[in-house]
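Common to both upcoming complexes is chain A, partnered first by chain B, then by chain C.
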Partner chain A sequence: MLEVKNLIVFYENALALNDLSLSVQPGEVVGVFGSNSAGKTTLLNTIAGLTWHLKHRELRKGGQRITIAGEIKFAGEEISAVKPAERVKKGIVLCRERHPVFRDNSVEENLRLGGYMRKGSEIKVMMEFVYELFPPLARLKRKKAGMLSGGEQEMVAIGMALVARPKLLLMDEPLLGLSPAMQKEVVRAVREIRKQGVTILLAEQYARPVIPVIDRGYVIENGTLVVSGTGAELLDNPEVRAAYFGIEESR
Partner chain B sequence: MEGNLVNVLIYGLVNSAVLMLTSLGFSLTFGLSGVANFAHGGLYLFTGYITWMFLHYLGLPFLPAALFSIVIVGLIGTVIYRLILMPVRGIVLSEVIATFAVGVAILEFFRWRGFVTYEFNLPSFVKGSITIAGVNVDYQRLFIIAIGIGLAVFLWIFSHYTKTGLALRGMAQDEYTALSLGIESDWAAGLSMALGSALAAVAALAILPLGLISINIGYDVLLVALAVTVLGGLESTVGLMVASLLLGYAVIITGTYLSPHWMEVVYLAAIVLGLAIKPSGLFGKFKELEERV
Partner chain C sequence: MAKMAYRKERVDRGIKARTDDIFALSSFREILYLVLPRLLVILFLLPLPLFLGTYWQKVMLITLVIALLALSWDLLASVGLVSLGQALFFGVGGYLAGFLSTRWGWYPLFTIPAATLAGAVFCTLLLYPALRLRGIYFGLITFALPLLFMRVIEATKILGGTEGLSSLPPLPGTTIELYILLVVALGCVFGFRRMFDTDYGLVLKALRDNDRSVEAGGINVQWYKAQAVFLAALPATFAGAFLTHHYQFVGMPAFALDYSILPLTSVVLGGAGSFAGAVLGACILVPLSEVLRAFGTLRVVIYSVVLVIFVVGLPEGIFHYLQRKYHQFERLVPMEEVSNGARAGFKGY
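Let's turn to the complex of A and B:
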């Protein structure tokens, strides 16, 4: 479904992704793990087209700060030069890190906006699904999203991405800053979402909480692939264990 | 003295509505896309002159002439965005200089072509006047209040209940999240320029009939829009209304009890005080500007 080959992203002063290749099969849940500034966000943003957008804005101003090279294929089609909105239309939807929501808008307005590229009838169906998936949101419908707790905002952010009807859902650190109970909720949601046939690529710093829901994972460091394998394989790798699972206990 | 007070009450309200209508477009564009459209005054006056030409050269009735003007000025807003603002998007100073240049070019073009005589004016929608508590007010001025209220309600509904309005507000709050949902930032900014410019046109059509059209009005309009926006803060309609009321009454009170010469000073004082005390405006939510200034 998704094929990333030899992806290189170079910011003015940093090589964020260095010759990275990975693939995601339809129906899979795949993890991307790496410490701070390993390049997780850059990877997801580049797949979603946000890096493309940033690059073009820079180009327009006459700067050449950002270089993107390599292939990104979605459903067999090369999409590296496709606008973010077109990628959403094709079914690639990103849920950005730190659960950004539209703070001045109500929860319901946020969700409706998630379906910006979709038809009214689709939006309605998906909103029902989101309220079932996250019952607390149904209660908070009319509340301003900016007034919600971090966990509730994460639900809204995931909800928005769902209303956009993803075929491939990119989740950037959905567990970041959440309480253990909230983390469990999100992991449960990931399971439910996958049951709907949505393919998921999920980035996290710490792998342990999501190991039960992933089929495979990639570990990246400084933009380079270090190891890949099934959840169990990653858990068995002593280096990975030390680097990405050990710290988790102290968090 | 009694009559003076009623006078101040009524004309203060009218003046507030004029200020609000004048600055609505400027503040809307700024609130939605962060673009300070300094061509606002130029577009306002441009509306006056092309409508006058539609009426006198083409012989169109007022309503079609007005609608044409609104649409044309709205389109010009998008064109300004596409041709002039897109290359410098995000560089605030360049945006201001570029749009200001367009505004000055429009205004000075008309001066150069000799649009400075006394024949230029627009007709009132409704002739006649009414006497309220001994004070004579013409219908056009009451109309301005009605249009001001009507537009505020319309914009509120637009921005809260339509897909496009929600998308524009979303883009204003968080560009990258909006992008990741498929909303395009150039589309949003171009549209907010079009809307703001069209609102400048509506304001011109409602307000210009109160007097003669002259080039300097273009510069005054920009000053007023800046004063109200700085005082009211960006993006908040309530802020805009309160700032319009404050300034509207301040100016009329100054004019009545001090001297009409001081009226212009009130706007400048509002800008200076507003920026000095609270750069994000009395009701502003944009901390960003506060840091910038």
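Let's turn to the complex of A and C:
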């Protein structure tokens, strides 16, 4: 479904992604793990096209020079030069980190806005699905999104991405700053979304809570792929265990 | 990778990296690298008044006045206060100078400094309640205030009403005036730039970035912003007081929109946040507008087109562009070759 080949991204002279290749098969949930500054967000933003957007904006004002090279294929089609909005139409939807919602709009308006590119009837169906997935949101429908707690905002952010009817959902640190209970809720949602036939690429720092839902995982470090494999394989790798799962080897 | 791919790399010149350090003082070449751009500007501007005719001397005078207002705008913008009413400072300074010399018959030597200081204090007090506003809301207040003063003077007929205050004592002559203005303008540019390199400037810069974090750092935001407004008002009130004595007249046009808009466009053209850019912008815009007088009615059209071309084509501002070219060069490097900073894992983003 998604094929990333030899992806290189430079922010000015700093290398963010170094010759990164990965693939996601239809219906899979794939995790990308790495510490801060490993390049997770850059990877997801580049797939969603935001880096492309940033590159052109920076170029216009003579700021940072961003270099993007490599291939990104979605459903067999090369999309490196496709604009971000077009990528959403094709079905690549990014749920950005730190749950950026439209603070002054109600939850319902937020969700509607998320599905702006889709038909009205589709939006209704998806919104019903979102309210089913996150029952608290149905209760908070009319509330301003800025008034919600961090966990509820994360639900809204995921909901917005869902209403856009993704084929491939990119989730950038969906567990960031959430309580363990809320993390469980999000992990449950990931499982539900997957049942709808949505392919998911998920970036996380702390891999432990999401390991049960992923089919395969990639570990990246300084923009380079270090290890890849199924969840169980990653768990078996002692270095990965220590770094990303918080399991110290007992002697 | 299959085919050889290149990317453009921006690298600091070696001499730039060396002059960032104390080693700058160890060689003549490095000292020259630091001093030359500044020296060239000073050496170009200082003898200029002597070579100009009467007409172009007046143009240079207006240029420097606008440059002072632009400096003031840039300082305010560097603290995160976007002003749309530099005419407020200008008019207050002008009217104070006029008032002091008509009421008490003071000489310009006293009225100008007194009007500069008192005007800055007055403006700071006036804007103090508006300092808690951010972004466009502060801009709207500053936009309204000069218009308000204009109407108050018109309605109450104080300070000469619509007639203004005339036959004020003159200044000693255009050449000397130009030199005074030059010294003040250059002093402001270098002074402000220096100030922003100190710890005090650090607070001011932080105010623009995120004033809530500054407040969380235990710093009184309102008080620091007031200080910045005072500092920013100084060159502008000085310009007002100075031009009042130059024309020997001050009237309602001192609060005119021109004095608000021109400084702003100068900074946008020259590059915000560097102070040198503000002066550079004024030095391009005001003479340009004079040169274009030959085109009659088309003047405004050409002027606007030039402005649009620069703002769209060079949004960072001319000064920042020149500065970058001076400090950095670009080269093509193969994709595989990673610069040292990247290899060390520095993401820089």
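Following the convention adopted for this analysis, the second predicted complex is superposed on the first by the 242 of 251 C-alpha atoms of A that agree within 3 Å, B and C clash if a C-alpha of one lies under 4 Å from a C-alpha of the other, contacts with A are read in each partner's own complex, and residues count from 1 in each chain.
Here is the rule we go by: a contact is a pair of C-beta atoms (placed from the backbone, for glycine too) under 8 Å apart; a residue touches a chain by one contact, two chains touch by 3 or more.
The structure displayed is predicted, hence computed values, not measured ones.
Superposition of the two complexes onto chain A shows a clash between chain B and chain C. After overlaying the two complexes on the shared chain, residue contacts for A:A69 are found with chain C alone; chain B is out of touch. Within the superposed three-chain model, A:N13 lies in touch with chain C and out of touch with chain B [touch as defined at top]. In the superposition on chain A, no contact is made by A:F129 with either chain B or chain C.
Once the two complexes are laid over each other on the shared chain, residue contacts for A:E109 go to chain B alone; chain C is not touched.
Using the contact criterion defined above for the overlaid structures, shared-chain residue A:K61 touches chain B and also reaches chain C.
Judged by the touch definition given at the top, the superposed model places A:K83 against chain B, while chain C stays out of reach. Of the two partners, chain B and chain C, it is B that touches more residues of chain A. Note on the superposed arrangement: chain B collides with the chain C stretch 135-143, while the other options among 135-143, 171-179 or 189-197 stay free of clashes. Once both structures are placed on chain A, chain A residues 60-61 are touched by chain B and, in the other complex, by chain C. If you check the complex, the residues on chain B that touch chain A are 86-91, 160, 163, 166-167, 169-170, 173-174, 176-185, 285. Interface residues of chain C, counted against chain A in their complex, comprise 1, 5, 7-11, 314-316, 320-321, 324, 335, 338-339, 341-343, 345-349. Within the complex formed with chain C, the chain A residues making contact are 6, 8, 10-16, 18-19, 37, 39, 60-65, 67, 69, 222. Against chain B, the residues of chain A that register as touching in their complex are 48-50, 53, 57, 60-61, 83-85, 88-89, 93-96, 100-105, 109, 112-114, 116-117, 160-161, 164.
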